[in-house]
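When the chains are written out, they are named A, B, C and D in that same order, and each has its own residue count from 1.
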Amino acid sequence: MNIKDIFTPFTVWSSVLKDPVTIKNPIGREAAPRYRGFHYNDINACIGCGTCEAICENQAIDLVPVEGIVTKSGDSGLRPMVDYGRCCWCALCVDICTTASLRLTNAYTWVDTDPDNFRFIPGVDKKDWDEVQLGWRKPEPNYSFYGLHRQHMGELHAEDRKSSFIEFVQGYSKEQAQQEADRCVSCGICVATCPAHMGIPEYIKAIRNDDMEEGMRILYETNPLPEICGRICTHKCEDVCSIGHHGDPLSIRWLKRYIADQIPTDVNTYQDILGTGNLAKNGKKIAIVGSGPSGLSAAHYLALLGYSITVFEKLPAAGGMMRYGIPEYRLPYDQIDKDINYIASLGVEFKYNITVGKDITLDQLSKDFDAVFSGTGLHLGRSTRIPGSDNENVYQSVDLLRDIVTGKPVPVMPKVVVIGGGNVAMDITRSMARLQMEKYGKVDVLATSLEDEDFMPADREEIVEAREEGCTIVPGYGPQEVVLENGKLKGLKVWKCLSIFDENKAFNPKFDSAQERIFEADMVIESIGQGMDLSYLTEEIKSKIEFNNRGRIVVDADYQAKGLPWLFVGGDIIEGPDVIHGIANGHRAAMGIDRFLNG
Amino acid sequence: MEHARLQLVNKLFNDRPKSYKYNLFQMKLLIDRLTQHYNLTDYKQQRHNLAFVTVDKQLSPDIITHLRDYEGFSHFVLLSCVDWIEDDKLQLTYLLNQPNHKYEIGVRVLIDRKNPEMVSLHKMWKQIWTYQRELHEAFGIIFPGSPRLEENFVLEGWTEKPHMLRDFDTKEYAERTYFPRPGRTSNDPATYMREKLYPNQPVTAKTNKND
Amino acid sequence: MINSFLGFKPDRSLYPKTNAEGKLEIDLSSHQYTKLWLGPNHPGVTGNMAMELTLNGDEIVEGKTHVGYLHRGFEKLIERRLFVQGFPTSIRMCVAEPDTNEYLIAACTEELSGYDKQVPEMAKWLRMLSLEMARLQGLLRGVPGQAGTFSLGIGVQWGTYLRDLILDRFEELTGARVYHMYIIPGGVRGLLPDGFKDRMEDNLKEIDQFIIKIRKLIFNNAVFKTRAVGLGVITPKMVDQYGIVGTNARAAGVKRDVRKDNPYLFYDLLDFDPPTATEGDVYARTWVRWQELIQTVDLIRQIMAKMPEKGEIRAQMPNVLNWRIPQGETYVKLESGRGEYGLYYVTDGSDKPRRVNLRGPSYTHGIALLEDMLVNTNIADVHALMVSLQVCPPEIER
Amino acid sequence: MSDLNINQKVSEMLQRSEANAQQDEKTFVRPEDELREVVAPDGSIIKINPLYDYYSGERPQEDKPKNAIVEKFLNWARSESIWVLGFGTGCGSIEIPPLVTPRYDMFRFGVQMRATPRQSNAFIISGYLSVKTLKRVIRSYEQMPSPKYVIALGSCTINGGMYYDSYSTINRLDKYLPVDVYIAGCMPRPEALLAGFGELKRLIKEGKGEKANEYARNFDEYKANQKKIIKDWNMPDYNW
């Protein structure tokens, strides 16, 4: 120490002349633009998926029902409620929010005397900071808590696949399936939308755990046709998938197929896994008319309950539309057999080539059996009834598709026009392309639909794949006339479609005749929907049951026909064409039959 | 500017492997020397400068002394305990640092969980008694002779089982003891939607089985 | 040293005898000794910690530390949380320099799950920036705080203001003032905002001014010199005996710095040499920290100059809700403002860690070392000692 | 109240607490706190019970508001001189130094820190409270002269915060101490703290800062809650 040390510290007095650094008005000073302050939720964008609740390490978030928000498909009707007695403002909830509706504003002042007030539903309970735009949002880009992009599904190249009916979707490898399953946030929004209410998050979890047997058990809880569904389901679940709001939805259908594909074809393995090797019979007999998805589903669940089942099928093999309507390249026959063989192994008896109504009457069935389930499906093609549609070269898609399967000779011509924009239309378009490839070595199929490209009822990937295979899709035109020249088919005249439905939302298309086009064709295939063939119902039965304004049989929640207790009806003739609906109401009808017979 | 930065990054990736390899080489030599003297039941090279060896309980004081006095592991990093409740074992990890070669070795000792007891090393480093006192409180391990072992460390008036054992459920204890604020309920979206949209539909298949 | 300077010679005959085991025999009922509890409620104690002092007059003959007032059971709580949920919890282990905890959790999980090679370059630079900023704000509290323990409050006033400026920059970058929650497994949570570097440079210029002023205020101060020189000497021999790390070891002449010894992130791209001293007393420790303050300012400038303008901020990691890490264990360490700060992390293949154990420098500095150093010092020097060892109680008891 | 009554009450209370001490709290009494005999300076031998001889067995008294105008003046004076006890109980205390330094400067609002409870009238519970600290907090709070106020910071004091499942920290502060003002945040920024002081001032001016009286009124209930979690209650019921 020396004398300097006593005087040097006094140099700090130089600061006396400096301006003070004090903030004049500190209360309410604006925080940084990225500040993590109080929560705000855009409740209209939020779907109540609950990932915020799942990620919150403090259990600060509850999902609560909110007045004015209706529970519907794709929206649970719940909204997050935040407890500021728990929150630590880490904003993990914001970073994981699937809809990006939740954010933190940069407001930070909340003083209260009552500790119970610190609990609120952001966006619903009005707060001072609702209008504040600054604050923490999900960082962009390349920052996500789950994979945004789905695993690419291996497919045959378009050039290869269009020349044969070999299945072109190759299925996931184990790594791919696990990575895809890893994307799932297990919110469960999809379960309500799936008609069969399959335990989707649970079986995806089984894939993550690489426990295929557990996955199989979960699948068979609600769906006895996993191989089939894993390929051709309309996957309504994927449309509402929460992670699909920003990024690709999870490919739930392919994951289901992955589980089913891992199990060997052997029915004994199935029975071991599912524990159905030793079923007790209860002595009651059920007849099932039609071996489509609903019939098979009802047969499966009734067989599990111990009923003796007999399935009557008009055609020489089981599967209904799945076998005779869906082309082999989408759903190979051995996969159909795999599912059906297992159902048969439960003691279900199949009687083929028996047409109910012709070979055996429904009344007879009602006498021989305790109950009858009818799932006869939609097998009649609907005609456009435009001029010239009675020409011999105008065909129905369902007939052609069935003929392709049964091996009947199918007329294939160099230029084909398909009318329709649904999945069946795409099926026939692509099947015809393959047949043309076989016969002529080139593809010339054109499909036209009333709907615009964005509203075509067919699955998006079907349209894309059809185009890849060389087919032409021209959406937005309505057929007006089949152009004939000397009785020989020359083409199809179409007008631009302006609108499909009128003000009352009734089907009433409007056309612009100025925008006329003629598609040249040698054959025209109509694929605008199918109708049901209820000719097996006798007049007596028809008089007992009721029909609604669309001509469908009226059933109750158990799919029991109104007025005829022993008759249960399900499948496409109730719900319209969709395999998963058929499976769902086959299951419900089975439960209904059980309730009906056992009280 | 960008160029200079790239040069720097390149320098990094060119230089680093050399020191990595040197470290790894030194560690391999060390393990060779150790295996000559002691029976190591397990050895894992976690990183180029970090390895874990497992030794018997009786051997561990010897090997730690050997490492300190002959191998230059003069810096004691930490003493920790892991509860392997499934195997009924407690794993003690003595982490030692070699300041010259700049690598670390973790000596793992498995002891019985029912009767946890370990030799006290408080004479070897002057801070070890703190760790031992903490582990006594947190896991109930007894270190005979360790100073102030029975004194409270972080808790006061604790009557439950040692708090860091896996079978002590802290959430259950907190809820039982500290009155969480009532009035909170939450809903699972999937269950809630089922109750709202399709309350009566079957969700699982029933099976009628012969037993 | 200080005692001899003042010409004061304590009467050693009054000191307690030691028994055969080397323990003190203190008979409180003899009225010769006084028991004094310092803390937990005491403005001079850093954090919330108590010291049970046995006094002979105003000299300490025995000191016992009592910790646990801030015990929250982090290690138990993290065992109950998913890997990604660990970082908001872990950073609260030390309020003085929370970013270090974030980095350790991220580095451990990345290493054990094999994603450490995939962390983007930009994220690593930003991690380094936030770690250095954390060190800077810690030093801005610590260096003048040392003078504050000798009742020299003006430096604390300046330092807290400047620290607040750094916290403003933190707020811009990370979205929070103190608990930043910025470093996340896989990367970081945001890029630099526009104009950040300019505003940072303005702040650093102010800190440069402060560094000069603090030198005149503290290091050339008769009071500070008289009280700090010779107080709480750490000899190089003690460094290994007690496991002393960081600035405390460097002030004793033992050059230990994890950034140099086991470089992590891009520290081997930065040009720096950790400052050292040889005396090992409170003055030397403060002096080393003051030099480190200069160095940290320089490092932040270097990082801002060398980092790229844009880049990815986070690697694509597994879904955080389903993330499982295979069985394994590791120990990752870094150099915090207080010294080697490490995390021992054990996983068992599930989606939650099996065991997390933090090794904070205060664990040894604050209990074993402090207790031994307290003996033969004056009551008034207790806080000076505690602050000079940079004892941070929450990281002792966690 | 006559002197006799007070003496009677005190002796009753001492008897009760001594009975308590001998029953269930025996295990936690440290050796130096046990009942023992010591030699007084004059050579006589006296019995002492360190735990109870060093404290009194008093109960907190309710402060009845005085005449309206006087009370209004007093409240104004109280609101403009909030002296805070410098006891950093949790994370939130890191935001106190910015407040007492020039940038935020809370002295201009009449708020300052004091080192001892005897000089303070406001207690900032800056976040989580471990049971070990709660014991000290209760003692510090009871030592503060009335009227006194409690400001609770952050989630932890409201419903446990991020330590809701910790075995060591309490979940709800209002079970153990009467709280005047809660400030949300983890931890609240200095600006929010200043807003909290503003709210407290408003409450005091309106005569609503009466939580100390509430503590006195519901003393038994608070004590029951406190004793339920502080297992080694080796201190008298009220430390003033």
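Keep in mind that, in the parts below, a contact is a pair of C-beta atoms (placed from the backbone, for glycine too) under 8 Å apart; a residue touches a chain by one contact, two chains touch by 3 or more.
Keep in mind that this is a model prediction, so the values were computed, not measured.
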{"item": "Most remote chain, CA-based centroid, reference being subunit A", "value": "D"}
{"item": "Chain closest to the middle [Cα centroid of all protein chains]", "value": "B"}
{"item": "Subunit B-subunit C separation of Cα centroids, rounded to whole Å", "value": "22"}
{"item": "Separation of subunit A from subunit B, taking each centre as the mean of its C-alpha atoms, in whole Å", "value": "47"}
{"item": "Subunit A-subunit D separation of Cα centroids, rounded to whole Å", "value": "62"}
{"item": "Distance from the mean Cα position of subunit D to that of subunit C, given in whole angstrom", "value": "31"}
{"item": "Multi-chain contact residues (two or more partners), subunit A", "value": "21, 31, 57, 83, 85, 88-89, 115"}
{"item": "Multi-chain contact sites of subunit D, meaning residues that touch two or more partners", "value": "102-103, 132, 158-160, 162, 164-169, 172, 186, 189"}
{"item": "Residues of subunit C touching at least two other chains", "value": "68, 71, 73, 76-77, 80, 88-89, 161, 179"}
{"item": "Chain-level touch network, classified as line, ring, star, complete or other", "value": "complete"}
{"item": "Interface residues, subunit C side, partner subunit B - complex", "value": "66-68, 71, 73, 75-77, 79-80, 111, 121, 240-243, 245, 256, 261-262, 266, 268-269, 306-308, 328-331, 333, 340, 342, 344, 346, 354-355, 357, 359, 363-364, 367-369, 372, 397"}
{"item": "Touching residues (chain side subunit B, partner subunit D) in the complex", "value": "154-160, 163, 168, 170-171, 173-175, 177-181"}
{"item": "Residues on subunit D engaged by subunit B in the complex (per definition of touch)", "value": "28, 131-132, 135, 158-160, 164-172, 175, 225, 228-232"}
{"item": "In the complex, subunit B residues that touch subunit C", "value": "2, 4-5, 8-9, 11-12, 15-16, 46-47, 49-50, 52, 74-78, 80-83, 93, 95, 99, 102, 104, 106, 125-127, 129-130, 152-156, 163-164, 166, 168, 170-171"}
{"item": "Subunit C contact footprint on subunit D (complex, rising order)", "value": "32, 38, 85-91, 93-95, 97-98, 101-103, 113, 115, 117, 128, 130, 132-133, 136, 140, 162-163, 165-169, 186-187, 189"}
